[in-house]
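Below you'll find the structure, written out as structure tokens, and then a few comments.
Labels for the chains are A, B, C and D, by order of writing; each one numbers its residues from 1.
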Amino acid sequence: MNVGVVGASGYSGETLVKLLLGHPLVTLGAVTSRQHVGKPLAQVIPALRGADRGLRFVDSNAAALAASDIELFFLALPHGAAATFAKPFIAAGKKVIDLSADFRIADLATYTRYYGDHQAPELLAQARYVLPELAPADWKRFPIVAAPGCYPTSILVPLAPLLRDGVVTREHIVANSFSGVSGAGRKVEGNYLFVERAESATAYGLLKHRHLAEIEEQLALHSGAPTVIQFNPHLAPMRRGIATTITVPAAPGANVENLYATWHNAYEGRPFIQLLPSGETPDTAFVTGTNRVDLSAVHDVRTGNIVITSALDNLLKGAGGQAVQIMNLWSGFPETTGLV
Amino acid sequence: MNVGVVGASGYSGETLVKLLLGHPLVTLGAVTSRQHVGKPLAQVIPALRGADRGLRFVDSNAAALAASDIELFFLALPHGAAATFAKPFIAAGKKVIDLSADFRIADLATYTRYYGDHQAPELLAQARYVLPELAPADWKRFPIVAAPGCYPTSILVPLAPLLRDGVVTREHIVANSFSGVSGAGRKVEGNYLFVERAESATAYGLLKHRHLAEIEEQLALHSGAPTVIQFNPHLAPMRRGIATTITVPAAPGANVENLYATWHNAYEGRPFIQLLPSGETPDTAFVTGTNRVDLSAVHDVRTGNIVITSALDNLLKGAGGQAVQIMNLWSGFPETTGLV
Amino acid sequence: MNVGVVGASGYSGETLVKLLLGHPLVTLGAVTSRQHVGKPLAQVIPALRGADRGLRFVDSNAAALAASDIELFFLALPHGAAATFAKPFIAAGKKVIDLSADFRIADLATYTRYYGDHQAPELLAQARYVLPELAPADWKRFPIVAAPGCYPTSILVPLAPLLRDGVVTREHIVANSFSGVSGAGRKVEGNYLFVERAESATAYGLLKHRHLAEIEEQLALHSGAPTVIQFNPHLAPMRRGIATTITVPAAPGANVENLYATWHNAYEGRPFIQLLPSGETPDTAFVTGTNRVDLSAVHDVRTGNIVITSALDNLLKGAGGQAVQIMNLWSGFPETTGLV
Amino acid sequence: MNVGVVGASGYSGETLVKLLLGHPLVTLGAVTSRQHVGKPLAQVIPALRGADRGLRFVDSNAAALAASDIELFFLALPHGAAATFAKPFIAAGKKVIDLSADFRIADLATYTRYYGDHQAPELLAQARYVLPELAPADWKRFPIVAAPGCYPTSILVPLAPLLRDGVVTREHIVANSFSGVSGAGRKVEGNYLFVERAESATAYGLLKHRHLAEIEEQLALHSGAPTVIQFNPHLAPMRRGIATTITVPAAPGANVENLYATWHNAYEGRPFIQLLPSGETPDTAFVTGTNRVDLSAVHDVRTGNIVITSALDNLLKGAGGQAVQIMNLWSGFPETTGLV
């Protein structure tokens, strides 16, 4: 299968390109970047020296790409731009896996509140939010798949089945996430300089982080009722990885055995979800470079809370790896093809 | 004034020695270490090359130290050992500032539950827990001062006055802390190797972290009722610093203005407490090397929660700096002498 | 082909196990560790959670392994132990790829001077030092292959062909290397704690670094005469990677064009050697995770020196990756199989 | 004494401001920054929260500053701008300590070759290059002092006396330096982002680093003859610190005892130069936060080379600390006042 990556100059796009170059069942037919047109991939992504198969960046020309024989496009673009590109691709019958926010939120009003005007609201009905281990089975019928973001994946994977099964309450959910700096993207701003971020831990984006929109919409779907969470993101002085710790009151009568039973039911046989024994906590260092989410939980009888911990690589299961996993499932490839 | 440091081979003891060597109003009369007896300070603490005033480590001989003309001892020892040393010092009329847990917990049963048998329970009545900005004014009458730990300081400074003034509820308090690796002490264990901790974020000590004992005892004192919190400590890939984020429901009618008014009342004129505007979050990088706690808070009207963020240097305001601040106040020196 | 890894509890062994588990043309028949017998691989190497194919560590029993149907053994053992294990394996007709120093040095006296008594000197004649891009073609006939160390690879790859072709002099060669901390192995010592190594750059092992033995023996082979170098290793605050900078006087009449011509001749078509344009310097960040060596050089007409820079991943091209590359070539597999 | 800092928005200026605020014998009369006029110092330098004594940035108005009662100005400006500011200050009889390159190079042609046109060549005769431990005694008579850069200090301190006393040759000098990222200044460029620099070691600026101009001019002064060195700077993934390793052939008959004797003669009683025993290597982690240079050397009898290692904090002994040390000496204050 011939696939393309539109907008490959960010960290997610770069990760996706590396994965697709190593994928045994697809051909990387086009990699676009306005900024880098004509340059060999390895000139912009030096990690690919000797391994870019002679590919060069092409212009981000939506019409030309739509007319090509590429069957599936990954969009690694800012929101807004993604929806704009999706239109001609969908019109031309292509499949789209979008890594931006444009198709992550089903409710247009919510999208607008967090991101402003939508560039292709008419396509929302053709899109599905696909966290592969959680999405309703019919998603493959839709031509646009929104790949979830990094923070949402670290929260939804552990929490969604517990809410669905009533193991935890829907009140007083608090999620604190600690993210590597690549989670902020390749922003050339003073705040992201090495000297500023090394030896620095800090919360940011309290109250208004954009990922809240998709987190709460998805939690509501799984819990069956509006669900509000306190989401406190932080930056940690590391390149990759997200560690998320969720505190939520246990439902009456629930305990850690119920909780693990729910997780086992939900994730039995899913290669990228690893359940750690209660008391052993996930560590970003152990998931970096993999497409896994590691999960664990304890029940604090003193407080009545469940404390859940998860870890993933924000550029893999939180971005490019998840997108490839979606492609694998969509195309009927083994789920782990080209992934670790 | 002649002072001594007992047990200076850990990070806290080392920090304390550096501060006392630079302090203009005290003389460092003895620095003890069983392991390093006879060695020049700078041989063990190379940062002090050329600045150790010719001092050498002496043996940790409690009787000899008690008989010396040293007036005040800092104990930078493991719990248990600290209480053992305190006995002869108190018998000899010395002042003691203890950085261990031995005198942090007034309730013996609580101490025993977290730390095992107490080595000098008869001294508990002569000890006070002194977070200088919060301790009741009469503490200077007691010969033993317990300096609070790093996590507790980051939680008590913001939370205690809010509980006392009823700005926040006593229910559903969740504190997530993110600590530099020096917070674990100088433990030569595989888990603390550079290769294991770099690029690693992970929760640890969920349910049973020892600092809970002093945190909850102190919160109860300030709130006037038993107060239970969910405390989730984490390790971050940095050397120093603690960033703490506390989520707690606002009391009915409370808002961010009430909150800042309470903080202003509590901390007006205190040089080491800095209130940041709501919306600006503390960053460990800005407090490292100082004795400050930086504080901020937002009110999330969606959730009804207050989200508080604090940052401090675990080796200064969380250990050695706090001890020197206590000494300054106890001795009638200006509070900031020898501190930044 | 069925292969085994003997001694897989260090960083090199762990890397090797990961590579072999993902290699499409071999089966990992045994992974040994005295310390971890019976444990699932993923319990000791958490990065392998869900990906260890149910394998468990077996005991390091040389006789039992020699009697098994494993055809090729990787030895990731300390020197001394490696030679001891090699004996029964060779007696049983197995192939051995040794990552220790035991078979890296052809001259027994040199070995003894650097490492002490050799445990199997009678096997030296059956061993070859194989840096795949440099080794004489007949190496596949010998049953023991010594895989070069990390520092030597970063020095030999750029320097050996230049000495052979007379592009640089054999005098005044100075190599400074900056290594990630994993280069020191998984040593649980105070010096390798996170707090000690973060924010730390320091030289070590001046005069007596053991890798000198193999570096100079190999340089002499390629230059045709005894060749002495000044080798200054350093630790850098990073997990992986070696950056080496070599200063050497240009031979009379030589220039950067001659130099690159020699490199092109030597490495044309070799997938793991990348020549960067003069003036563009290798960066460890771009080779980490790959089996590459990136090379570059400038000619300083002011000083008459050539300044060569190289970078590689000490755990891949400097250890496990190189070993797999050797296995691929030895077995007739495509050279890059299972490698990036 | 009333002093001012012109251009305080970079890392060196910021460090200088912190030192001067804590200095007991001077008053910080003005801190300028075009970009930050009117803002409290602590708003731009959050490490100074609560400790900026109410100071605000003033405009960089040379005439107004020259007319003030400030006696001594520190220039923490880019080259070119520094010379421009120096003119009215000198005309008004002020003292100037310049941290830029403008007065570091006595030879105008050399300056022009490295930096372009000089903005105040007529002032060169009134300037002296003052590395306090090396400068000829008459420097205090000159109104302009050029404070040496970070790399040069790490090279000149060990090497200058050895060349002067003939302990080492003037040929084949190779200096490799490994610098923390703050050495590059607060440049908001993609190359200095956290994600790019963490886990990265790389050489840069080979052949043409600007610090060569002052290094070689100074070495010639001390050795008494033109002296050319190979200077290979590198970036290390740390915030602060420079580790320099110098390889140079020992002079005939010289050995490590001669070398240390020369160093003792040169630096006896100098508080900021620490000689470590041969075989013990300096570590940036031990000098960070201090104004020290730590030095050590070994004699390699195999190669005939001396290998010298030095370490310093690029923002202190390599910038702001050195400038304060110069001010102390110039003003007759104890040399270590306000420094560690």
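In this text, contacts are C-beta pairs under 8 Å (C-beta built on N, C-alpha and C of every residue); 3 or more make two chains touch, one makes a residue touch a chain.
All figures in this text were calculated on a predicted structure; none of them were measured in a lab.
Participant: What chain lies farthest away from chain B once each centre is taken as the mean of the Cα atoms?
Facilitator: C
Participant: Using the average of all C-alpha atoms in each chain as its centre, how far is it in Å between chain B and chain D?
Facilitator: Result: the chain centres lie 37 Å from each other.
Participant: Take the average of all CA coordinates in chain A, do the same for chain B, and state the distance between these two points in whole angstrom.
Facilitator: 39
Participant: Approximately how many whole Å separate the CA-defined centres of chain B and chain C?
Facilitator: The separation of the two C-alpha centroids amounts to 47 Å.
Participant: On chain D, where are the residues touching two or more other chains?
Facilitator: Expected reply: 180, 196-199, 237-239, 283.
Participant: Work through the pairs of chains, note which ones touch, and then classify the graph as line, ring, star, complete or other.
Facilitator: Complete.
Participant: With touch defined as at the start, can you tell me which chain D residues reach chain B in the complex?
Facilitator: 22, 46-47, 49-51, 199, 271-272, 274, 276, 283, 286-287, 289-290, 292, 294, 340
Participant: Which part of chain D faces chain A closely enough to touch in the complex?
Facilitator: Result: residues 11, 180-182, 186-190, 192-199, 237-239 of chain D touch chain A.
Participant: Help me check something: in the complex, which residues belonging to chain D touch chain C?
Facilitator: It is residues 172, 174, 176, 178, 180, 196-204, 206-207, 228-230, 232, 234, 236-243, 245, 247, 249, 279, 281-285, 288, 298, 300, 302-303, 305, 307, 309, 311 of chain D that touch chain C.
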